[in-house]
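Sharing a structure below in structure tokens format, with a few things to ask.
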Amino acid sequence: MNKIVIKIGGSLLFTKNLEVDTSKVKEFCNIVQNEEIYDTSVIVCGGGIIARNYIKAFRKFRDNESLCDIIGIEVSRINARILQGVFGDHAYPVIPKNMEELAKALITQKLIIMGGLQPGQSTTSVALEAAEYSRANHVVILTDVDGIYDKDPKIHRDAKLVKKITPKKLQTIILNEFEANQALAGEYRIFDLVSLQILKRSNIKVTLMSGKNLQEFKRYINGSKDIFGTEISS
Amino acid sequence: MNKIVIKIGGSLLFTKNLEVDTSKVKEFCNIVQNEEIYDTSVIVCGGGIIARNYIKAFRKFRDNESLCDIIGIEVSRINARILQGVFGDHAYPVIPKNMEELAKALITQKLIIMGGLQPGQSTTSVALEAAEYSRANHVVILTDVDGIYDKDPKIHRDAKLVKKITPKKLQTIILNEFEANQALAGEYRIFDLVSLQILKRSNIKVTLMSGKNLQEFKRYINGSKDIFGTEISS
Amino acid sequence: MNKIVIKIGGSLLFTKNLEVDTSKVKEFCNIVQNEEIYDTSVIVCGGGIIARNYIKAFRKFRDNESLCDIIGIEVSRINARILQGVFGDHAYPVIPKNMEELAKALITQKLIIMGGLQPGQSTTSVALEAAEYSRANHVVILTDVDGIYDKDPKIHRDAKLVKKITPKKLQTIILNEFEANQALAGEYRIFDLVSLQILKRSNIKVTLMSGKNLQEFKRYINGSKDIFGTEISS
Amino acid sequence: MNKIVIKIGGSLLFTKNLEVDTSKVKEFCNIVQNEEIYDTSVIVCGGGIIARNYIKAFRKFRDNESLCDIIGIEVSRINARILQGVFGDHAYPVIPKNMEELAKALITQKLIIMGGLQPGQSTTSVALEAAEYSRANHVVILTDVDGIYDKDPKIHRDAKLVKKITPKKLQTIILNEFEANQALAGEYRIFDLVSLQILKRSNIKVTLMSGKNLQEFKRYINGSKDIFGTEISS
Amino acid sequence: MNKIVIKIGGSLLFTKNLEVDTSKVKEFCNIVQNEEIYDTSVIVCGGGIIARNYIKAFRKFRDNESLCDIIGIEVSRINARILQGVFGDHAYPVIPKNMEELAKALITQKLIIMGGLQPGQSTTSVALEAAEYSRANHVVILTDVDGIYDKDPKIHRDAKLVKKITPKKLQTIILNEFEANQALAGEYRIFDLVSLQILKRSNIKVTLMSGKNLQEFKRYINGSKDIFGTEISS
Amino acid sequence: MNKIVIKIGGSLLFTKNLEVDTSKVKEFCNIVQNEEIYDTSVIVCGGGIIARNYIKAFRKFRDNESLCDIIGIEVSRINARILQGVFGDHAYPVIPKNMEELAKALITQKLIIMGGLQPGQSTTSVALEAAEYSRANHVVILTDVDGIYDKDPKIHRDAKLVKKITPKKLQTIILNEFEANQALAGEYRIFDLVSLQILKRSNIKVTLMSGKNLQEFKRYINGSKDIFGTEISS
């Protein structure tokens, strides 16, 4: 079976009143556990709204982005623990905190669930690195947007979803964005620069799709030829 | 100056919409930093509503109270990081994760901020142990209730706040409660059994008071003779 | 096969002149290795007389029960190493020092031997937690008493051994004892309050029996219907 | 005194036949120890030629940039140990391996010497983060080039050294370079993208100068108004 | 004041019935705390009879000297904890487990108490290494023999205590002994080969004396010119 | 298949200009991976010329052999990483840093590659200890000399290679050498005293042979009856 790494955005794990969306979490885990043509080696959880709230508060008191990142990482690991609870003995029982721990965990052939790893690195790039380590050549990123647009859809009414894009073209978009802004902890856009670097040097295919409707994810992961979201591959 | 350990309940750190209550956090830290007759050696943060929400979700998936406790501890440590941000260089820059780390941190004479320590132990008992280690003979517990009542104030309209109680009498109340209930992670009452054990064997005085009105706490910590909350001492 | 966790009291591992009772240790390990209807996942060693001697001395110098507990835990881990020596490659080669390490060790399917885990927790409650983690629903506690009596057999000549007891009834006995006494490190009675909490929330059956005559233990573990010691189950 | 963080490129530490250039190392350490208007809090060592040789070999066997980075980090830490040897008791005796360890080391007021921290991060960005943590607002980067040129001096004969540049302008240069190339471990240019991010969000002034003639560095660090290398500040 | 490292043999810490000899331990600690011309930086505890008993038992089950050493080290660290209890806040609160931890502990200027460090190394050589690290040039070894004899005093009635010996001469004695025997864990003679190596390369003076009569040790450490035991120096 | 532990001297891993000799490294790994009558459980890498260069420099600045050893160990671990890169998933992905980590790694049945372990211990003795732990009764040491000579071949033209020697006889040679010299970090002769101790107490057979011509090693490891180097066995 094809090995796959899944990144699930933290935003998908919570209800509006900031409780864990247990039915959604369960739905997601069921889909992964019953996948037929893929074999998930690693799931990477994002930090989501809880992380962003903590970081927003911390930043009022102290100007240290590296510490902000650490707070985000810790929240993402708690999110990962919730998913571990659902998978039970199927999952590796510990959250890997660095690549060495991930490497050791991979030997056991268990499903590995993790959060962020280190300051300065988004959970997207963690998913890409985990794919490199587990020799998975496909990463699915479940997020709260539908995919990558040719223009900012919040501004431009006629923005169109891009079905397929090369890493090279994606880079141009991202670098433009980077030149305009400044990356702050917990606010990394879907694709940060470090992720882009890994993507460029590896042959990993990335599918970026909305996780709001998990039935689409289910169809995708079970081999549907329908196109969901944006596929990044060279 | 008299050394003191303060435990601040996690419930006091958040607004109703589950964001960190930054103005309250700042008010609390200001009071501590300007205290005149006491010298705070350790602040212990509770997990609060964020912890309880996570644990409630986790429990739906898996029946393992020790893991629930770990989730609560991790949230309390993130809460502690927020306070570290406020105190800046005044605070020890790392969250002690066990008593050895606390002992090493105490040598530096910095203000130490921490969360929970280990499964099966409430943050109240962490505060008591920290007092033992730092040779503080007074612990102030800021919580969301006014103190200890002679009856359950939610049921009995004529319940009265107890101004002063011996550990021995407190034990009788707690044991009765324990016999009726079952301690679940994140739901330890203000005084669990382990705290009670430490209290009985040590000479530590405990003041349990509401943290809702921090001006009362300010007056108390600056030596006011007014009585706030409940004092437990033999 | 039914999974089982065994706790062996430290007192059973030493001769009167405080040397390891190697023939007894060997007898115990042989029984475990040849068990037919049970499959032992974890053995938890107590600290015994060596631990108690160290703690007694330490307490003369310093009044810190948490440090006393740590000394007891360290001795229990050395005891565990002796048993590791007997089981050889059959045993997991490292002593788990917390629940995460235990969880990782359990994946290997080796026999895990451990001592205490953390201050404030008896090795009995470690055995119960290890049962929760390894999904064993039976814990055998080998100790130096015959079981639980309806009265203190040291005082009352007519005290009778209780063959079967519910956790609820056991709680009443223990709480009474607790109200009268004070738990000191290394002197936890067979059932401390934390153990009781785990017992109440789980469905684990506990058999408390004397380890002085290991042939009884052998018969029990091989399915004998004779009743040895006290069985605690709801 | 003004706090300063110094990054010394690994290339400056070795002779042509790949031995440690002990007289140069000693010269550098003497300058730091006798600095008059600055107070160095942290020295960050690069990996240099030894690191690059190892990485080049590793890359032939395995395609994993994260592991390449780890090799480079480990070499840079050995380089740091050599400098620790020169500073003796003046230096913190251990190499911090993450920001928490750095934060603890900073409390001791010793001179801290370190290498890289984590995959995906250049030692330049480590120096910038160390400056954030130690509240130093100046970083000096000693490298084997004279500074930043307006064009690539290897290609363009008329390339001119830039005496002063804003982070914003530096960004344009770096992003262009990034768009053309791909960052490989051990080959990060003087300024990688992560460094740039920190630089943009902080007020740290960076001086990039050649470390080949350490007497220039000496004059600079002792307050000379002559301009050496390139100064990056907004 | 002259810095000194003291190694106290584990055999001196226990009574005949294997309990900690609390009055002797207290006497020893009082002497150290009131020393006038020396300043003790590190105390290294041996394992003593408890260690030997455990190792003897372990060896019956498994033929692995490295594991035997680990057991001995763990017992020596428990012994060190007892002494920590006596010295209280005067002592560094944690047992260093490797040289890096020792180096960090030395910064605090507290009295450091430790046991063994690693398999294959006697506590005597730990004391010598600790002296190298703390720049103490004198090590006092308190043991259960009077010093070094010219012949084996158990066999030869006319064996004479050597008052002074050079490391070179000591080496000849030890190598002869080594050629005849085989070093087993927990049975290292007073001077093993690793200790000898450190002694030869350093300028550390070693005084080997009986710890049975601690009043002699007291006089010695307070500057008495009387000769006790054997002095090893070049 | 017979289990074997291989120690490869660091000197064999580098070209004259101090780069990793990738073709040699590859040749070595291929031989190991295709071995027919042996099964390699552990490969131990030495530090080689890179280590010696660093240590030589460090020693100019500071007189601490324990720190020199640590530098040598760290280089040997980087060397081990290079070999890990060649073996890929066949190899255990982490370098064990102590015997506990080695014991855990051995459970996975992967090929384990490691460097040195601790100050005061040569990588030869690490190989012998690894053999004890993995129950291999044969160690092959690949070095840059042909084997053990009856006299120093650098001085005596008529020195003859010893084909077979008992540990007892080897000891006499080594002790004489030891009496004349002093062991410095990174300069341990092929057989240090600690190695000798392990050799004497165990039944491990050691073959010491040149690694310059790896085809000889290939023939040897595939069962050739030709004699290469020196065999040490009782």
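Order of writing sets the chain letters: A, B, C, D, E and F. Residues in each chain are counted from 1.
Keep in mind that, in the parts below, a residue touches a chain if its C-beta (ideal position, glycine included) is under 8 Å from a C-beta of that chain, and two chains touch if they have at least 3 such contacts.
Computed from a prediction, not measured in an experiment: that's the story for all the values here.
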item	value
Interface copy of B-E among D-F, D-E or B-C, judged by whether over half of the contact pairs recur	D-E
A-F compared against E-F, more contacting pairs	E-F
Chain C-chain E separation of Cα centroids, rounded to whole Å	36
Geometric centre distance via CA averages, chain E-chain A, whole Å	56
Cα-centroid distance, chain B relative to chain D, in whole angstrom	44
Junction residues of chain D, two or more chains touched	64, 67, 70
Chain contact graph, described as a line, ring, star, complete graph or other shape	other
Complex contacts: residues of chain E adjacent to chain D	100, 103-104, 106-107, 135
Chain D contact footprint on chain F (complex, rising order)	17-20, 22, 25-26, 50, 53-54, 56-58, 60-62, 64, 67, 70-71, 74-75, 77-78, 81-82, 85-86, 88
In the complex, chain C residues that touch chain F	89, 92-94, 108, 110
Of chain C, residues touching chain B in the complex	63-67, 70, 99, 118-121, 125, 129, 132-133, 171-172, 175, 178-179, 182-184, 193-194, 197-198, 200-202
